[in-house]
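Note that chain A is present in both complexes that follow, paired respectively with chain B and with chain C.
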Partner chain A sequence: MNTSTPVNPSASPRRDQRTGSRINGEYIAPLMLLLLTVLMIFASRLISPALGSWSQMLMIVTLSTFLLLVSFGQGLVILSGGMDLSVASLFMFGGVMSAGAIGADGGNVAYMLPLILLGAAAIGAFSGIGIALLGIPPFIMTMGTGIIVASLALGASGGSTLGASPPLLSALVKGSIAGMPCILVFFILFCLLGIFIQKSTVFGRNLYAIGGSLGAARVSGLPVTSVTIAAYALSGLSAAAGGALLTGYSDGATLRMGDPYLLPSIAAVVVGGSSILGGKGTFVGTIVGCLFLVTLDSVIAATGLSQGWRQIVSGVVITLALLFQSGSDNALAVWLENCAKLFKK
Partner chain B sequence: MSHLSHGIDTHTAGGLRPKAGRKPLFRGALLAILVYLVMYVLYGLAEPDAFSAYSIANLFNNAAPLALAAAGQTLVILSRGFDLSLAGVISIANVLTAIAPFDGPLGALFSLALSMAAGAVVGAVNGYLVAYRGIQTIAATLGTMIISQGIALLLLPVPGGSVAPFVSDTLTDMLWNTVPVSALIVGFFALLWLGLKNTDTGIAFYAVGADDNAAALSGIPVKWTRCKAFILAGCFYGAAGFMLSAQTATGDPNAGLPFLLLSFAAVALGGTSLSGGHGGAFGSMVGAAVLLLMQKMLFALGVASFYIGFFQGVLLILAIVCGRVINRPRAGGTAR
Partner chain C sequence: MSLNRYLKRYASLAASALLLCGVMNYALAADTPPPAKKYKIFLSLSYSGNNWMSETANIIKSLAKTPPYDKMVDLEEVISGTDPQAQISAYESMIATKADGIISFPISPTALNRVVRRGCSQGVKFFMFDSTVTEKCAYNISYITAGAGENMAQFLVNTLGGKGKIFMNRGVPGTSVDKRHYDGAMHIFSQYPNIKVVSEYYGYWDDRISQRETAKALAAHPDVDGIWSELGEAGVLNAVADRKGKMMPITGENMNGFRLGFINDDYRKRGLTGVSAGSPPATAGYAFKLMMEVLTGKRKLEPTNVEYPLPWATADQIKLCKGSTIADGCNVFAGNLVPEGFSTEIYNPTLLPEVTLDSALKGTPTPGMTIQPLPAAIVKAPDEPGINCEHCQPPVDQYRLTKVTATVQP
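Moving on, here comes the complex of A and B:
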């Protein structure tokens, strides 16, 4: 195992991602969040015995998948030191195009779906070009792109809601292969793919370097421009894929379907231990962040509290979760670190 | 960020050098004013009524809430943070003013104080979480935003209530039929900012945003400064919510949400760097005015309402690109 871990890893401001560290500081936050999520699932049995059941868990995984797809791209962009505010619009783009251009008969899905995803990647790349080549702040560029896409969709559809989801997408979300729910398989495959892209590819490592220090990345000759553009393109693509899947799940697409995913996509990444300034974070953290947020939502929805109280509880739990993971003096963090050390022996 | 890399960043972005010669703090606001004037002329060409005192007052009333909100957001961004709680505070302030109307000038002042106090409380929580517990600004303020949004919903579950007549009438009116009252209020807060900018606190905001390590070494209480930025920003959001109530004359528990992203756009248009340390609240106020005039101008020019967003997005990007081109002819572009 890795011996280069400092005395107190979570105290150091920035750890080297390329040394291939095991359970060190950067996994403490996701671990604690996972613990909290599991605790929440057990506690939810007190509210309603239907919670914590297999079907409930599958529901959480299903709902997490949509958020996870958006958060994956958002995470890559945040890793590079930026932020993508156009994910809501691209999510909607993926959903509305799937419902509108493919529709219920789904005969053209083989070429339409890839085309839609490519289109979304191109829109994402447009943001990336503005940011990397013209030096526009990511906040503004992606917000502008988002407004443009949303407005075009509104104009093209005349504001009406589109129905009909392609059978392939419905099958992917609702069907099962050999007793295994498709969505679970997809969720696991996507988690593995995401971890691989962020942690093990040259592209992923370049993102860490760019987010850690743009100046240093430039000086050392990394392809900063193309990597940045690629990150935004991937973000657009994965957000649109999330929208397409949600269309399969909800049997239709609406123009506002992406809105509830914008802030949670950022929250999932940050709650999962990534730095909003870039250069630090793991996709494992983001996965746990998504599971945490979706579980929290579904548990709170089951409480029957009024809308106001639900939001207050939700905000308090998120804040407590952040407090719970923050700071190296945290008793639980120290305990988990000690456990990790025991495993190393 | 490490000290070294930060040094490289600001150097390549040309952040520190032109300061001595060309006053970058003012340039951002100047550009926003220029954009505003161009848009105003276009608006005036399409809408001959545009130069009347009535429509000028209308523009000010429209822009006042966002201008105050963006000014508050600037304080947090200057000290290198993002504040999402803005949406929640504006909602609370709006709801408070609508469910507990106090009439008369003193009542209005009391409502304003109440709104600002609510903002200060939320800001203090943000400041504690960020400065003293080390939580990332966007995460901490997301939590407080959801909580304050929930509090607004508890106070007023559905849109309704009505604002005191004095607030909704007088504050949106004109003084002696020429000077819009809302302009005076926004002007007061702008002066407050200009005064604050040169105090130790104001300078500390810039120092902490530019490099908190250097700021700490030169004796600035970094944590308390961060905290102060959030509390002051909360006061501005409260005032923004109050002005919004004056404009809409009713309460809506979700009133603050549309302001969230717009505030960032206003700050960027006003020439403040979103990575902290450069800019000012005055520019953001002008930026807010630009954003709202943009909508009116597009409408007056006859753009179909469905596609207004399209041109808004394009104009937003173009305005920033122009700013970059004018400010840094030699820059190769940066990813931030």
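Moving on, here comes the complex of A and C:
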């Protein structure tokens, strides 16, 4: 029996040559976006000289952290080809539970906080089970889970969310450690952790494979079911962590606190260069996407435009950011190509 | 045995059982007096999920359980969400089940008019609290016309000596209440050319969103001199306090966390002052008592717009309650008893003496308390187009100041 296998030349590892540059193509979108964000910060000085200051940067990082936590899980789920609409409810779950079950004395934080996060992960896993095992479309399954969680919270609390922020969470958002604001340290550590999970773990690579082609992933014998469930569980966990952190920031929780984070969490992932259909994207992109959205929001807020105009500007800028993303399959390239064709005629 | 005979046998059995029941009922009825009429009342809320809304519902529930109403009222709560269509269908089914009265927080001043009119024609009494409808056959009980916006604006102008940069934290865009407050405030601010509104944003009557938006505005305008805010002011205060350093006058509604700020020595030293006014949950209780007096015939009152007095407490009038009892004019609770976003205006010594902190938090009646009659006189609300009437003219002095006088001339 011949033990040596013939070497297939096309199977040898090759550098990604799609963009012809040394930089991996998938990092161009975040890079452009980062450039745009920095540009926006400098331009904002024209509106108010107070912008671009250290305190504004810190404010942007703080507000981005809540969004980043939600977007991390959302990104994993989108990478697998799904979508998580229950993040708003799980965000609220994390916030309301840490305000109510831990509260201002915070004596039980050491075991309550992990319990709350585990609970959120279990709820996320419930969605994952419905999607991976029962074949329910992610859209419907996560929406259902979200409604159930929100309704349970409404029923249990009667609308009134008693409680206060646990001191640990408040310190995490507002305190500082050796001159460095805790939230900045947390932000950086979480970014590193997120990049590691998505890029370098087997779990992360499996998500790319599943999102790229579910059929191929199944045939290759990847643990599709368990990886999908784990992605939704992580999404639930990180959304709840975001809610807990927001409770620390604003000293309390309400039942609707998660609502403003659902759509931006999807937007941050997509603006950061991930494909909404799954299989493509980086967490670096999502981080920049979060920073971009929050910066845009705060710069526009300073303009003194009326609310309607602010939202129009915000919508236009987000659309433009998507147009200018890299890759041959982006909207701008397609549009230019079509223009060229028209011209030739 | 044929089917026919079966039927006959059971029919006769059933008939004799019925007869027996009737005789027993008659015998019992002869001993006990006939029970008082039970009134079928529906509590219809639109959205829920914030402290304010649950407090209003709890106050109504606690009053319905307070004697003598505990034996007279059959109260059912329905939450229909933020969609007017859902509240319309909720009203429809309440009318269909022959409700005596519907007490409600209406989601829209105009969308519900048609169904309200239909209900009125079938003898249902509609009592709207806090928010209003423009349909004439409904009773509106609200503080909206009492001038929160303009009075707070004038207070701010007075405190700032007629000049400075200010923020405006508005409510939910597109609602008539937000518009009324904003128009009232702008009526005042626009008279002072040296008052500059440098940032105006929507806090959605939510402290978290208000805090975030205020933090953003502060980054752009750290030199702001004062803030005019609708509900969500506890979040505004948090954003200002987080920034360390100088604080400024803030006018807002009556969230507990906001009022606690006024008795915080550190905050006072850093320059915090202001006034707490705005939407009181107590209105709901007043509306319920008014409704019961009308239904039971104790009061003759045609459908009308009733004005609930505007709560008004300046920074130096804030007084901490001892524990959970409301006495000696105290108007804020310790931070460990209620959340920051708890609306403190739940009680009124003449209109709502039955209510305690437990009524608002849990919906439980106060032990030993019975329903006290309301004062005979009511305060009629002025006409405000789009708020409490459709084809009407607002009074000329619509934005007249009632709580403050202008100490700085424009």
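The working rule: the second predicted complex is superposed on the first by the 300 of 345 C-alpha atoms of A that agree within 3 Å, B and C clash if a C-alpha of one lies under 4 Å from a C-alpha of the other, contacts with A are read in each partner's own complex, and residues count from 1 in each chain.
Here is the rule we use: contacts are C-beta pairs under 8 Å (C-beta built on N, C-alpha and C of every residue); 3 or more make two chains touch, one makes a residue touch a chain.
Quick caveat: nothing in here was measured; it's all calculated off a predicted structure.
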Of the partners chain B and chain C, which touch A:Gly315 in the superposed model: first, second, both, neither? first
Chain B or chain C, by number of chain A residues touched: B
A:Pro260 in the overlay: touching chain B, chain C, both, or neither? Say first, second, both or neither. second
After the superposition on A, what does A:Leu154 contact: first (chain B), second (chain C), both or neither? both
Have a look at where A:Ala302 lands relative to chain B and chain C in the superposition and call it first, second, both or neither. second
Touched partner set for A:Ile47, first chain B, second chain C, both or neither: second
What residues on chain A does chain C touch that chain B touches too? 154, 158-159, 306-307
Interfacial residue positions of chain C with respect to chain A in the complex: 48-51, 53-55, 57-58, 173, 198-202, 206-209, 211-213, 215-217, 219-223, 234-235, 238, 242-243, 257, 335-336, 338-342, 361, 363
Could you please specify the touching residues of chain A with respect to chain B in the complex? 13-14, 80-82, 85, 130-141, 143-148, 150-152, 154-155, 158-159, 210, 212-216, 218-219, 224, 228, 263, 266-267, 270-271, 275-277, 279, 306-316, 318-319, 322-323, 326-327
In the complex formed with chain C, which residues of chain A make contact? 44, 47-48, 50-51, 53, 55-56, 59, 62-63, 99, 104, 154, 157-164, 174, 246, 249-252, 254-257, 260, 297-298, 301-302, 304, 306-307
Chain A partner contacts - residues on chain B that touch it in the complex: 1-2, 4-9, 11-12, 82, 84, 129, 133-140, 142-155, 157, 253, 261, 264-265, 268, 273-274, 304, 306-310, 312-314, 316-317, 320-321, 324, 328, 331, 333-336
